[in-house]
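Order as written gives the chain letters A, B, C and D; numbering starts at 1 within each chain.
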């Protein structure tokens, strides 16, 4: 039997954004050989991302769900929206890294290329319609992030973070693979839609082996989005990685993980909703608890933000637990808001890093309001938003998730989430108190650069605008997820 | 007991024993070497399952390339003195209990597995008629073209990563 | 005829053994080898499924797993080397400057 | 629509510009941004009010803030008659006080900061009054509280200012907690927070009860009492009055604007706004009336013996706010709002006048610039301040045909008509009026008459404040005299009660049962007590300056109790503040004096012990993490099969 090679124009069109990013990544590596100033390389990266963004924008017109490459790759509003999150994450990360990587003496062209490759991996994950593509996209993202984590080769912290991330990541992907294998064995296919079809026709929603496959896959995704008890890597890796990469991976892989989770759980395992909700509820509670409680006793801001991001993963998960399209909308909406506020906060952390000064300790924030009022005010906005205080975007994000959760009848869970959210407010406000009510112990020099200022302006304005005018983002999310 | 079952019995026993050896050797070089033996057995099992192409890949790529890379690294790291110390960590009893429990759970659940879905078109006869390599190649370059291309990017990232992490000069 | 579950149990046994090794060995390289063992355990089950379901997907996936394993090996070993250059040890219980 | 939105947005803009660029670029030119902004708001507010006068009610949803299934929150503007009155009060007095501040705060280090906060306050206050639903009102409510907290502690290097700010913050927390619960209860009951929807549906829940701790409680009463709890906090009613006198640590324009004219009347505004709800619950109404009447007389007695010029006026404010609640409680909503409106003028005038005195003494380098015992004889040095002070005092004491007379009289007359309880409360109110007249004139006599009691060198340096201060005073004086002429009672002038008719669509118009004879009696007795208080003060402080001392020694225990404000602060300190502090001291080894910080560090330290314990799980060892993951997988599998 000879299968003809059939690639239609539509097939190529659908992967244009991913292709663009990968090609730009290759160009960057070539450019790196001839260009001495790495700023140019970074700008090329941003330009490539904008190009890819344009491609996705063009594809937004294609509203109907399209399956291309023999049902391997799906193009729908859901995937496209996540891609927008990835682009924003990528652009902001590049903006905040330029100066920082010079200070860390790790400003390689490959850095930007790897960022692009990692992002294309995430995009493939978001668009994956087959578990094989999903697995490869996940590995592409993961391998690139492992390298980026260990990029500061001379620093033991970075090395250690890379080792931990790599080993635990590989361990979790063994589980993913086992889960895929069992699901494949039970359904005879790796295609997401066909799995859903097989589950309902074969009536195996209550089969213990399916449970096992489902749990193994959930475990792997939980690892990527850092749900407790699979979160252990996150604080260490976030602390050890270059701060710009911490910002990058506190958003990107998390969003990609949730994209996949939403697609797999609601798409492939839609018939097993009762089962996966059973598993996710304790995970969500445990995640919010560990994130909010352990963050209280942190003294390193990167570590504190790591725990904070764990807690936020718990909140985002709640929307998926709600199990309705509205719940998913709330989660996706939260992710977008989280992208802005989290990267904004990390941008301030990066600003404190200057030659010969780490600026990662909470004590370094003492008296920041006096010496650098604008930076302190921005940090205040981000902290308020992370804590979920109105009128910042963080409040809106949490609010919708909780409302959808209550709407789906999980009121006790929503109350637990609100309590942990209140607890988490303390450690965010502590930074505010440090900045505004304590006296500085030492002179702080901020590292500024034009791109950094742009990133800060964009994130802070978005945090405020989305807090005051949240509906436009929500309509956008709804429009995107409508077809899903 | 059929011949096939005896054949499987040999492979299963050997693979279990070799796996235990791989895990328990003090010297990493021995582990890698036992791993190679394991791969040969796995290739045999693959042949038994009509996966000739994978059997070849297992030997050529996995054993011949990946494991050799491990050997290189072990040599590079020069780990002589490690051999005097205890090979397991303090938490090994916990690990052992976990692994055993895991095995119990897996076996108790998976022990009852049967073939549920409709059988696909790739019957033994069909693969034999076309040849394993031909069949896989056909699928790989048509249906699975996209993952194949993604894998190429993945390998590129691996090259870049290895260079950046281990080779690149930093002033 | 060998039933499917024999293969799957074999795979489970290998996976558990690999997991035990990963959780308890001190040597990073051996931990990595244990990871490879776990991947191979899954491969066995995939090939078995592929054979018994008469579907080719499983074999394709195994092919990709091997590819990923190669890439992972390259990066993982590079990370280990990078670490080793700064701290000449690969004992995993001595790697803990990041904690708390 | 834009012009209505601009009313609050202009001050917000002024805040943003000043806070962003004030420190480095604007510095002491901050008023060039703040003053035009508030004047712009004022002009727009006037034009909006003219539309309302012509019978238009503006109720627009600007946009939907949160849309989530059944839960909808719009940012909307409601400008009806009640809002129009509040708009006029806030923007007109706000404008005058902004101008006054240009002179008063001149040369202060935090000049730009002051105008930034003041603008933010105006924005929040306008949000509060212009909201068309409870949530936006609540946001405005919290925001004015926050601004007030910032502004009280404006001179944070003064410890007393910082403490006063914290006190205001904490006391208001109690009230706001009640208010917040009330809003939540409203949402749970009505499924909406929009005024029109809630008030429209309020009739339907009359008589419904909910079980609370085993007791059956009337739902609407509970809602009203919770809301009133918030009003008590914000409007400094007994027992939450303690923060307001201390709040006078802030700059005087702040006292005039926030703690006399606008923010503290937010409680009155809110109860008036919810009059539909309150009208359904007699219990709640009686509570409001009794708390109001009691506070009126209670605060007045304290004001009798205070020596700090601003504290006297502060207690006077508490007392007058009590009057307003008294009016609301007996159903005379428009009388309450009318008093709110006139009170804003004469009380702002009193504060700004005292500010003028303090300003003058400050520049004359007297140490104890707020103590009336070392003032005296300022009449000849500060004639303008003196005369506006006289006008304000005449007005507040209720001398006929000035603003205060009409509004106070309206309240007393409506109270008198309201049954037996009303008669009793009327008696309290009249007595409070007597005391008001006394302490107001005492203030005048101690400050402006007689001989200067400070050192003479100081006296030579005292002179009238600059024009930028006195012009707002004179404008306010016009208001203090004439603002009440919109509410002349019908017995004097047919259709004279214009404001009552104006507000009637929102607040209704109480049906009077009293006769004209009774009304004349009430009016006559008010005039009598006003003059009696004046005469007593005259006798005690001009005729017989030694008399007060003799009286004090004769009634030393009474004086001591009054002077120490009934020991309520001490009581709170002993029963609430100290135990809490002690308890937290034990828990938190180093409890910071700063409250927010205390809370921020304190609560976590309870959880912190837990947190530190959990931290230990994060050992830093890779294999431990992997083991936790593996055990986690096992647990999840076990849980799943267990739950099945």
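We take it that a residue touches a chain if its C-beta (ideal position, glycine included) is under 8 Å from a C-beta of that chain, and two chains touch if they have at least 3 such contacts.
Here the structure is a predicted model, which means the values were calculated and not measured.
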Joint neighbours of chain D and chain A, given as chain labels: B, C
Greatest separation from chain A - chain, by CA centre: D
Pair sharing more residue contacts (C-beta pairs) when A-C is set against B-C: B-C
Euclidean distance of C-alpha centroids - chain A vs chain C, Å: 26
Rounded Å distance, chain B centre to chain C centre (Cα mean): 7
Whole-Å separation of chain centres (CA-atom averages), chain A against chain B: 31
Inter-centroid spacing, chain D versus chain B (mean Cα positions, whole Å): 76
Contacts with 2+ other chains: residues of chain B: 89, 91, 94-95, 98-99, 102, 106, 110, 112-113, 117, 119-120, 139, 144, 147, 151, 154, 157-158, 161, 165
Residues of chain A touching at least two other chains: 132, 136, 139, 143, 146-147, 150, 153-154, 162-164, 167, 171, 182, 185, 188-189, 208, 211-212, 235-236
In chain C, residues with contacts to at least two other chains: 8, 15, 18-19, 22-24, 31-32, 53, 55, 60, 64, 68, 71-72, 75, 79-80, 82, 92-93, 95-100
Chain-level touch network, classified as line, ring, star, complete or other: complete
In the complex, chain A residues that touch chain D: 163-164, 167-168, 171-172, 175, 206, 208, 211-212, 215-216, 218-219, 223, 229-230, 232-233, 235-236, 275, 278-279, 282-283, 290, 293-297, 326, 373-374, 390-391, 396, 399-400, 403-404, 407, 423, 426-427, 429-430, 433, 437, 468-471, 474
Residue numbers on chain B that touch chain A, as the complex places them: 106, 109-110, 112-113, 116-120, 126, 130, 138-139, 141-147, 150-151, 153-154, 156-158, 160-161, 163-165, 168, 170-171
Contacting residues of chain C [partner chain A, same complex]: 8, 15, 18, 22, 28, 31-32, 35, 38-39, 42, 45-46, 49, 53, 55, 57-58, 60-61, 64-65, 68, 71-72, 75-76, 79-80, 82-83, 85-87, 95-100
Residue ranges of chain A touching chain B (in the complex, touch as defined): 1-7, 15, 22, 29, 69-70, 72-73, 105-106, 108, 110, 113-114, 117, 120, 124, 130, 132-133, 136-137, 139-140, 143-144, 146-147, 150-151, 153-154, 162, 182, 185-189, 198, 202, 204, 208-209, 211-212
Chain C-touching residues of chain B, taken from the complex the two chains share: 2, 4-5, 8, 12, 15-16, 19-20, 22-25, 28, 31-32, 35, 38-39, 42, 45-46, 49-51, 53-54, 57-58, 61-62, 65-66, 69-70, 73-74, 76-77, 79, 82, 85-92, 94-96, 98-100, 102-103, 106-107, 110-115, 117, 119-124, 135-136, 139-140, 144, 147, 151, 154-155, 157-159, 161-162, 165-166
